[in-house]
Every structure is written in C-alpha cells, then in structure tokens.
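Quick heads-up: structures coming right below.
Same chain, two partners: subunit A is paired with subunit B first, then with subunit C.
After this line comes the complex of A and B, so read on.
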C-alpha cells in the first residue's frame, strides 16, 4: 500500500505563518492515545481542503489547519499538550 | 473582426458548459484525503440511519444490493475549484432508504468509516438529490474514491458527498461536521460559491 501522507514537517510553513517558534520541534501529546512525539513526526494529510495532522500511534486527528482567503483556522482539540522548547530565560539576564 | 472570440463563451461539450463561479474543468478524478483510506470488507460493511427518536434502520451490503438502484449522470464540484462533468454512477437513492424512516428531523449528519463527518439539511438528501453510490463508470467504486460506497450530493460541494459512508444521523439541531468546524461553509452551494464561513 502506498503511503498517502507527509510527515509533520509539512506543517512548518503554515504554522510558521502564525507562530514565532518552530512548532515542528515541539512535543505534542495525543488526546486520543496519550502518545507523545515531535510535531514533525505526525502523519499529515492534505494540503487541500486543509492540513490534517494525525498521531503516528493511533491515527486520530491531533491538528487541523485550514487557510481561508482571510484567516487561518487552527484546531488543536486532539492535542492534549504541546511542549515547546524555549531558551533558558535566565541566560538572557 | 470579432472582438469577442468563440472561446470567450466556450463550446458545448467542453467550454460551453456553465461551471459554478471560480471553478475550472478537469477530466481526471483528483483524490483528496484527510486521513488513511479505510478498507472495509463487504461482509462487515453496514449502513445505518439513526433517527432523532433513537430508532436505527440498518442495511447490510446484501440488503443494499437488493434495493432498486439508479444510474445518475452527475456533475461534481470540489471546493478546491475543480469540476468534473457528466460522471456516471450507480447507487440507491436516499428516497428509497428513507422510505420507511419516520422522522421530523430537519438536519442530517453523514458519518463515515474512518471518522469523517459532514452535515446538511435533511431536505438536501431527499427528492432525488442524493444517493449512496457503489459503482463509478460501470466499475465497483474503489477505496480512494470512497468505496465500497459513498454518499453523493452533487448539488453541494463534494466534501458533502462523504466517502466511505457508514450512516446518517437525523437530528433536530444542526451539528457541523469535519470541515464545517474548520472554516468551511456550513451549506456549501457551489453556484453561490459558499466555500468558507462568511461566504
């Protein structure tokens, strides 16, 4: 059977339009099965009608992103949490 | 010299066909997917209609095959802007499936193997406007195109024609489906170019 999805790096561009940090390196936890892994490891279907990122463990939807002419719709209800790496704020003084 | 070419109006059979606004004609059959393609064995396939009163009407594959079918020729319009005209299908009209279903519901939610959902007013499924289709172009409907059976509601954008359809829930309240909760229009009339919420 052919693979009909991309990996989560396909979300880098559309998410980069929204967020200042690279969310593909964030660790997402699936609200369906509790599996954790980098957003880049999601199975991404689309891009049309929208991008659908599914858990590599249980295939439930973790993120949906639809670009309309004047907005981005982002649905994260399938994501229990996102752990986003940030630089140590003590280092900045 | 004519300043308006024939091509401006197009030719019947190709360009003379009136397309909904913003659409272009395609001859292939693009496959768009929001998830892995379900593979459903006919021995475990079933289709149900659940009413707002909690009654369930259920058909096996053999039950579906035993119902009178129709062979409509339909124009398809995808929200991603391609249109495919004159496609040949075989399927069972929703009028046949709804014949013994008692309901006063105004809304329907189609749901699929794989978890997809899409909502529409019940009246858009009736009076010869919708089918559960299982053959395309004379052949069994393949899984990438929604086989073994898909909903066809050709007067709305194609996302309303749920692939791998498993059932229809009849409800008193409208319940937006998969794409309708993510920015797409709740109704999706291609002739009114209702692509996104607010259109």
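After this line comes the complex of A and C, so read on.
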C-alpha cells in the first residue's frame, strides 16, 4: 500500500489564498465513482510540481492545484460538485 | 489586500520538549486568532531570496497575538533543522494562517472525545486539550498517544497531571518504560476499545499510523463521519 500522501487538510493554505470560505470543510462528489466526502479527506500528493487531490474511494484525481510565480492553476474536472456549508449567520449579511 | 497574508512573526519564547523537538512561541502582530486543531504555514527566506515553507499545527488555543508551534526535527529537512536548532529569541520568520477548518475541536461541543496521536501528531491534539481546559469544558476527553520510546513524548509534565475528565494512555512502539505491562508494538484494536462508540474522534500522525488507527476505529463500530483525521505523510521537514 502506498502511504506517500497527505490529506486534504494540506490544501487549506493554498485554497485559502484563493477563496473566502474554507473549502476543506466542503463536501466534494467524485466525478469518477460518485463518492462524496469532505475535501479534507482527499488523498493529497505533492507538493511539487503541484498538489493533486485524489478520491479516497477510487483514487480518481478530483483536484489539481499548481502555483506558478504569477498565477494559480486550479483543475476541478474530477469533482462533480462541491457542497459548501453556509450557516445562517453568513447569509444576507 | 491578500486574503491570506504573510505576517512577520518574532520568536519570543522557547521550551524544549524532547532532545529533537521544541516549542516555539511567536508574537504575530495582526494575528486574527485560531481554533484548536488548525495549522499555519511558516516561510523562511534566505538572504539570497530563496524561500521555502512548511505547515505546522498550532499547539495552543488562541491567546492574543501569540502563536505556539511544536516542531520536531526532521533530519535532512529544509525547515525543521532551522526551527529546532538555529532560530533564537528575537529572530523573525513569516507565518500565514490559520488554515484548515475541518480538523478542529470547538469548546461549545459537549460530546465525548477520543484523541489518537502518533508521534508529533500530538501537537494539534494538545491544542484541543488546552482549549478544553481554558474553556472549563466538561466534555470527557480520552487521549491515546503512541510514540517510539518514552523520552519522545511531548508535554510530559503537563500530561502527567491531567485535567479532570481527561484520561491519558501511552503506547510505546519500540521501547517501554521498565515494568510497563503492554509490550512494545504498533497500535492495535484493544488499545482503542472503550465503553462507547458514541464519540468524536480526532486522529493525527504519520499517514500509515492514521490509516491503521482509523480503520481499527471503524472496525470497532465507530461511524466514519465522526472520525476526523490529519495525516503528515513523509514531510520534507
């Protein structure tokens, strides 16, 4: 068994550079097998040349994130949907 | 304004935990606060402009602009040797965060908690234990802390007289103290068995340890959605 991976908690910093909400608590659905679970639970490989987040169920790539000196590439083609918790007190503001 | 800015952090206090690990307390002006279990990124920049960063869990709950990390030396690492052996009081690094809202314990949560630590995976769990104490929470806590040898335990004095409602158990994988009943060995289901599975579990450590412990909890009847995990993997240190 390969254990040379981290988990989606390691995406918190890189994604935090981009998004106003913490996407590691979002529930992602895998486009490969349909499994869903928190982004924090993905198997994450990296960090060079970028971070690759795989479904813990089927190992399909759900997230690719590459930081270049002047941009961030975010590839989510393996993610069917993201359900982002949005408590009442954050609505309508 | 960047969403997650790098902030200058000045080292103000050092505590030695083991021969290879120390706790570093930084003063970080503008620090927005954090939850127990969250982590930060630490960035070092050399005089020639080369910079590199690593993630570390915060070891203590929010305390103004103080951010406390416990760092274990990773031989041949790029960042940890500097943090554990060279950095002195008054020196500066850059810190950004906090990040990660999933592997966190909130003091308003009253459910019983099982903490399972492998090696330096103890750090974010210690933040939870300290947050519980600070909040005066009565949520029952049980800590199972696996280390190779007795002298590799962090926070030994603090855990020697645990708070009321906190139960502490050690697992030694290579060498035990004299007269220790459990032979040295990796974590096994009997180590994790307990009266109730109606608890929140937090498991943190190297990837192999986390996989083993989480699988054992599920086999013991714990619901997967109540087990939160954080894996270190073979960090570049």
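Here is the rule we use: the second predicted complex is superposed on the first by the 86 of 93 C-alpha atoms of A that agree within 3 Å, B and C clash if a C-alpha of one lies under 4 Å from a C-alpha of the other, contacts with A are read in each partner's own complex, and residues count from 1 in each chain.
Keep this in mind: a contact is a pair of C-beta atoms (placed from the backbone, for glycine too) under 8 Å apart; a residue touches a chain by one contact, two chains touch by 3 or more.
Nothing here was measured: the structure is a model prediction, and the numbers come from that model.
By the document's definition of touching, of the two partners only subunit B reaches A:73; subunit C does not. When the two complexes are overlaid on their common chain A, residue A:40 makes contact with subunit C while staying clear of subunit B.
By the touch criterion defined above, A:5 lies against subunit B and subunit C together after alignment on the C-alpha atoms of chain A. When both complexes are overlaid on chain A, the residue A:28 reaches neither subunit B nor subunit C. Looking at the shared chain after the overlay, A:53 reaches neither subunit B nor subunit C. When both complexes are overlaid on chain A, the residue A:16 reaches subunit C alone and has no touch with subunit B. Residues 4-5 of subunit A lie at the contact with subunit B in one complex and at the contact with subunit C in the other. Taken in their complex, subunit A has these residues touching subunit B: 4-5, 43, 45-46, 48-50, 52, 54, 59-61, 64, 66, 68-69, 71, 73, 75.
The touching residues of subunit B, when paired with subunit A in their complex, are 32-37, 79-80, 115, 159, 179, 181-184, 195-197.
On subunit C, the positions that touch subunit A within their shared complex are 2-4, 39, 41, 55, 96-97, 99-103, 206-208, 211, 228-234. Interface of subunit A with subunit C (complex): residues 1, 3-10, 12-13, 16-20, 22, 24-25, 38-41.
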